[in-house]
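Labels A, B, C, D and E are assigned to the chains in the order they are written; within every chain, residues are numbered from 1.
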Amino acid sequence: PIGRHSTNSGSVVDVAVAADFIHTLQDLGTAFASAGGGHIVISAGSTGKLYAQIHAGAPYDVLLAADVSTPRLLVKQGLGVAASRFTYARGRIALWSRSPRRVDNKGLVLRNGKFRHLAIANPKTAPYGAAAREVLQHLGLWQTLRTRIVRGDDIGQTFQFAASGNAGLAFVALAQLKDPAFPASGSYWIVPQKLYAPIDQQAVLLERARNNAAAIAFVKFLHSHRARTIIRRYGYNVD
Amino acid sequence: MSDIDAHLVLRRGEFVLDATFQTPARGITALFGPSGCGKSTLLHCIAGLEPAVRGTLRVNDELWQDSELHVFVPAHRRRVGYVFQDAGMLAHLSVRGNLEYGMRRARRARSGPAFAQTVEWAGIGPLLGRRVQGLSGGERSRVAMACALLTDPVMLLMDEPLAALDARSRAEMLPYLERLHSELSIPVLYVSHAIDEVARLADHLISLEPGRVVACGALREMLTRLDLPFARSDEAAAILDAVVTGYDEQFQLALLAFPGGRLAIPQRRLPAGTAVRVRILARDVSLSLAHHHDTSILNIFPARVLDITEDRPAQAVVRLDAAGAVFLARVTRRSVHSLGLKPDAEIYAQIKSVALLR
Amino acid sequence: MSDIDAHLVLRRGEFVLDATFQTPARGITALFGPSGCGKSTLLHCIAGLEPAVRGTLRVNDELWQDSELHVFVPAHRRRVGYVFQDAGMLAHLSVRGNLEYGMRRARRARSGPAFAQTVEWAGIGPLLGRRVQGLSGGERSRVAMACALLTDPVMLLMDEPLAALDARSRAEMLPYLERLHSELSIPVLYVSHAIDEVARLADHLISLEPGRVVACGALREMLTRLDLPFARSDEAAAILDAVVTGYDEQFQLALLAFPGGRLAIPQRRLPAGTAVRVRILARDVSLSLAHHHDTSILNIFPARVLDITEDRPAQAVVRLDAAGAVFLARVTRRSVHSLGLKPDAEIYAQIKSVALLR
Amino acid sequence: MNALAIDFTPVWLTLRLALTSTAILLIIGTPVAWWLARTSSFCKLPVESIVALPLVLPPTVLGFYLLIALAPTGPLGRVWHAISGGSLAFSFSGLVIGSVLYSLPFVVQPLQNAFEAIGERPLKVAAMLGAGPVDRFFTVALPLARRGLVTAITLGFAHTVGEFGVVLMIGGNIPGKTQVLSISIYDHVEALEYGRAHVLSAGLLAFSFLVLFVVHLTNRRLQARGL
Amino acid sequence: MNALAIDFTPVWLTLRLALTSTAILLIIGTPVAWWLARTSSFCKLPVESIVALPLVLPPTVLGFYLLIALAPTGPLGRVWHAISGGSLAFSFSGLVIGSVLYSLPFVVQPLQNAFEAIGERPLKVAAMLGAGPVDRFFTVALPLARRGLVTAITLGFAHTVGEFGVVLMIGGNIPGKTQVLSISIYDHVEALEYGRAHVLSAGLLAFSFLVLFVVHLTNRRLQARGL
């Protein structure tokens, strides 16, 4: 694949990122640049869409996916550099309502609260959705709430459902609530990790950037303490 | 008194129509005037198709429009039958569709026979299933006339309906048009630029100049008034009332009497006593000093010269009086001179042909 | 020999046009026939606007169409000027835009004066800036005629161009149309249902019945042939060639001579020796046994009866020969009887009016 | 479960949505188009532009604003709640509103053009044949604008079928309730289930081709008979 | 960074894309519409339906298939690569192809209707005034189809501006290269940057309103002078 764009622009790294991580990445980019790394160009999209694009030769150097399976698949198909694959963040979900004091710190509102709609991300396409389903199944509410669940395309939409007041409650990414730039009001319950399988988000260096020093440097940077601090600040767990 | 009483004003670009006239709401009133003088526009106004028109319009004691009183009866409630100059029809319907469209919306349901009869008259039977686009010019106008008649209108507006017809079709339709006003007893406003058609059909005449009405009155007077264009035209004619007195079986001539004399005209049998109306074209009248019996001209009678107008370089119009009946003769100035014609001269009028109107 | 040579076949729904004719490619050829007989369709075929037409068409030694040889000159290359029956124009252009559209695409660039002159003739100067939709019926046809002329065509096709005109505008345009064939020297195919117009304008005549050509030839012969509808119509006329011999200043009469006698007609001065053509309507001719000098009829000369056709119940057409000039008289059967008319009878023809054609 | 097993609920839902929306689009769009074609009010220009506006917003963004409007606290949602007691977002009614709003220009513009092309003439002729304004509209204007109507139906229907941004946003992707075919295909693509996406897409194309073909064929038939 | 600071690159990119696509849409769509309006070939019906088809696929799905076609290994991408040496997917050219394909029905259908409404008559009149087929097309058919042209431009332009499903898929949301305004707004909404989304949306609406207003105004002016 030939990308007219970044073949010889050594100091530019094209990063494809899952939508939930975009603000974190912006901060990381600033930090990377100030550390003398280079400039990163961010293309956001859902992980599924990004996969299809990479498959079609998209000029991305690094993928920060929202799941594990996509980077794994890319590596398997020879589109990703196997050695570079690693979990850069572990997402956490929270049950959120825009009304203050609506959500208690045990999530009891799910069982006895009055709400018309509960928004979750589409479990089929979004890892956060799958996690939300798991939580509900764990609590034994998946069947009872079935008719009240509305599904956003991704956690961005899920957040909008609740933020616009159309859905009383929503399972959103903790990162969305912790975002320093847009602190959310209302009340939330950070769902205990034991209720769902970890939402591991993996990064992978893409094959076309195998020899791109700046890209390699960026992936390395993600491992750094400085990067981890930033990521943690957005509500992600990092190993 | 049932009249059509109009005072209508409309501005359209640079053209201003300001028409005031009154005409009886029965019989046929011809609208006559040069191209672009506003005849079609006037019909549009009367039909209610020009919302911008100001003024008043009263038909048959019904007020159709009064811009002071904010009265404006919408077009479809006026129930006029309109034959447009371009024979406008509904392009998405067949000929039959067009005919039925108006018929179904008529005041009174028209009977099947009325339909069959109208189709028969207009000679459009073979066209019924056709789309209106393929029609020839003459076919279009015949269909349009049939459409207008089938709406059972209270008034007919016809904009040069015969202009696209050949002489034969025209001759076939004229008698029916003539019967319209007796049979249907609805008034007809009839635009035409053919004086012979007007003379033949109309009872009343409205003469237009660009934008305005210059004269308006009974056809007969208007035709012989030397201050109006009719008497001066090539088609100048007089109209006389006569009574059928007999019939010449051998030569199939109807014998008529009028105050000034007798007329024999080629005509199918008419019952004696029938009142008829004949038209005598000025150009068909020649004058002689003596009564000659050896000519092919059948109709010769004595008359007195009323006046002589030399309206053209070489020609004159002579107004004649035959015992009260006024008619016109177009002769050369040379003949005026050689025959010594002057007012009150007694001469013989030789009439080459006479048209029976009805 | 430059001719228009056509053999054209077209099917349109139930109507089939199968027209074969030959006419000289100069002067005016009239297409005459009843409504719906295919006159407009024939013009369309000649113009190249009917791709479905089969057959051959040759104009001026150029092959415009031969379906055997797969020759079909596209419409815009035929360079004909076409005045459509509905005076079709380009609705998105002003009157001036329409005129210039054709002018710019003409074979030879037309000069400004040609434009001004044509506009002047058609009397459309005040309309130049107008949109074509607002034009009255008569205005439309005048603009359409001017458009067609300004394309500098090799042939003109005119579909009832005067039908929408009033008598005055018609009279104003006729002389110009008459001059077309001498001045422009291009052939004109002229559709009309008015025999008088045809008689006045045309050199040749193609007579149509629904779908086919029934006769085709020089106007003069066609008009007096008793087997054709012209001689039997009300407008039956004969055409005579004459020469100007003098002028009566006092009464403004032109004096003409033709083999059978002399004619005096109201007319502006014409130089002596000019060859002219006059039309004598059958209905303007009366017959007498003696020569009467005391009548207003100026033109009287001796003639011999050729034959008599009693074509109507009460009337007959008498063909007359005045020293080789053949003309017609329409008289009643009674006059035939009372005057004892029969072939070879010697009589006097009294001619009420004579029209100078050109 | 077979990898290509397909749930047909979205198909019916889509069909229902497309038919309902198209019907409502015609009901709303036709008078608007008629008014626009015939008015010379100074409002014409702004209204024309406003009708075309929903087009320029990305559907998801339009959906976002609709979501705000339809929310129980939003202007539309409040009215609706007062009337029906229900909520608009995440309901079929909401989907219909979204689709109608988004597809309106495709219905109004062709209709308006068609109405304008008719001109005054046939309406005058019909008036003279005794037809009142409403009568004229149905028996003359609509038949003569048939081509525009067909285009309006085609574009409106197809666009509603294909629309998914707005629908996804205000529908909440609830299976059996607001999950229409387009979303369902989209989900398959996102979930990398390309096989199912291909099958559904092919089916959708074939079906739509059929519908459009039938619409155009009907149009032709009518054309052959009428205009 | 100010929360409402706005990057204008997407705006220019969008404008460039919309103008290019509209121009290409007209160049491609006009002959197609003309052919459809005048042919009586049996191909007409299928072609009409095919032109309308891209509409029924959700844009992202259409984009997905386009992506496959435009990829260096795909049919179109391979040809393009052979010709230009570049890649179609994720390039401006690719965006243009996608937008054109997706907006084609909005351009073809109104134009086709307008061409059909003209009828044979004016073309015959023009032929008699000496105009050949091409001349007639430009001097008669196009001016008479002006209303359809305006609608085609309006719908084509607005739809390209608002389109984002296809563009997101085949463009890859690359800032400065394929990240158009619609995607950028979408991103802001997704990233919960509602403030910026509002500002951009309002700007987009205002700007588009202006463009549409000008188009309609021009149309009116022309109408007043011409048809």
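A few points about this structure:
The rule is simple: a residue touches a chain if its C-beta (ideal position, glycine included) is under 8 Å from a C-beta of that chain, and two chains touch if they have at least 3 such contacts.
The structure displayed is predicted, hence computed values, not measured ones.
Where touching is counted per the definition, the chains common to chain A and chain E are D.
Touch-path distance (fewest steps) from chain C to chain E is 1. Looking at which positions face the partner, chain B and chain C present mostly the same ones, since more than half of the interface numbers are shared. Most remote chain with respect to chain C, judged by CA-atom centres, is A.
With chains reduced to the mean position of their C-alpha atoms, the one farthest from chain B is A. For the pair chain B and chain E, the distance between C-alpha centroids works out to 60 Å.
The geometric centre of chain A is 35 Å away from that of chain D, both derived from CA atoms.
We define each chain's centre as the mean of its Cα atoms; on that basis chain A and chain C are separated by 90 Å.
With touch defined as above, chain B holds no residue shared between interfaces to two or more other chains.
Residue positions of chain E touching 2 or more other chains, listed in rising order: 60, 64, 189.
Annotation for chain A: residues touching 2 or more other chains are 49, 52, 157, 160. Pairwise chain contacts in this structure: A-D, A-E, B-C, B-D, C-E, D-E. The part of chain D that touches chain A in the complex is made up of residues 60, 64, 67-68, 70-74, 77, 87, 89-90, 168-169, 172-174, 187, 189-192.
Of all the residues in chain D, the ones that touch chain E in their complex are 45-46, 48-50, 52-62, 64-65, 105-106, 109-110, 112-114, 116-117, 147-148, 151, 154-155, 158-159, 161-165, 182-183, 185-186, 189, 197, 201, 204-205, 208-209, 212-213, 216-217, 220.
Across the interface of their complex, chain C is touched by residues 121-122, 124-133, 135-136, 139-140, 143-144, 146, 226-227 of chain E. Only residues 1-5, 14, 16, 19, 22-23, 41-45, 49, 52-53, 55-60, 154, 156-157, 159-160, 163, 176, 179, 181-182 of chain A touch chain E when the two sit together in their complex.
Interface residues of chain C facing chain E in the complex, by the touch rule stated above, are 47-49, 74-77, 79-82, 84, 88-93, 98, 101-102, 105-106, 147-148, 151.
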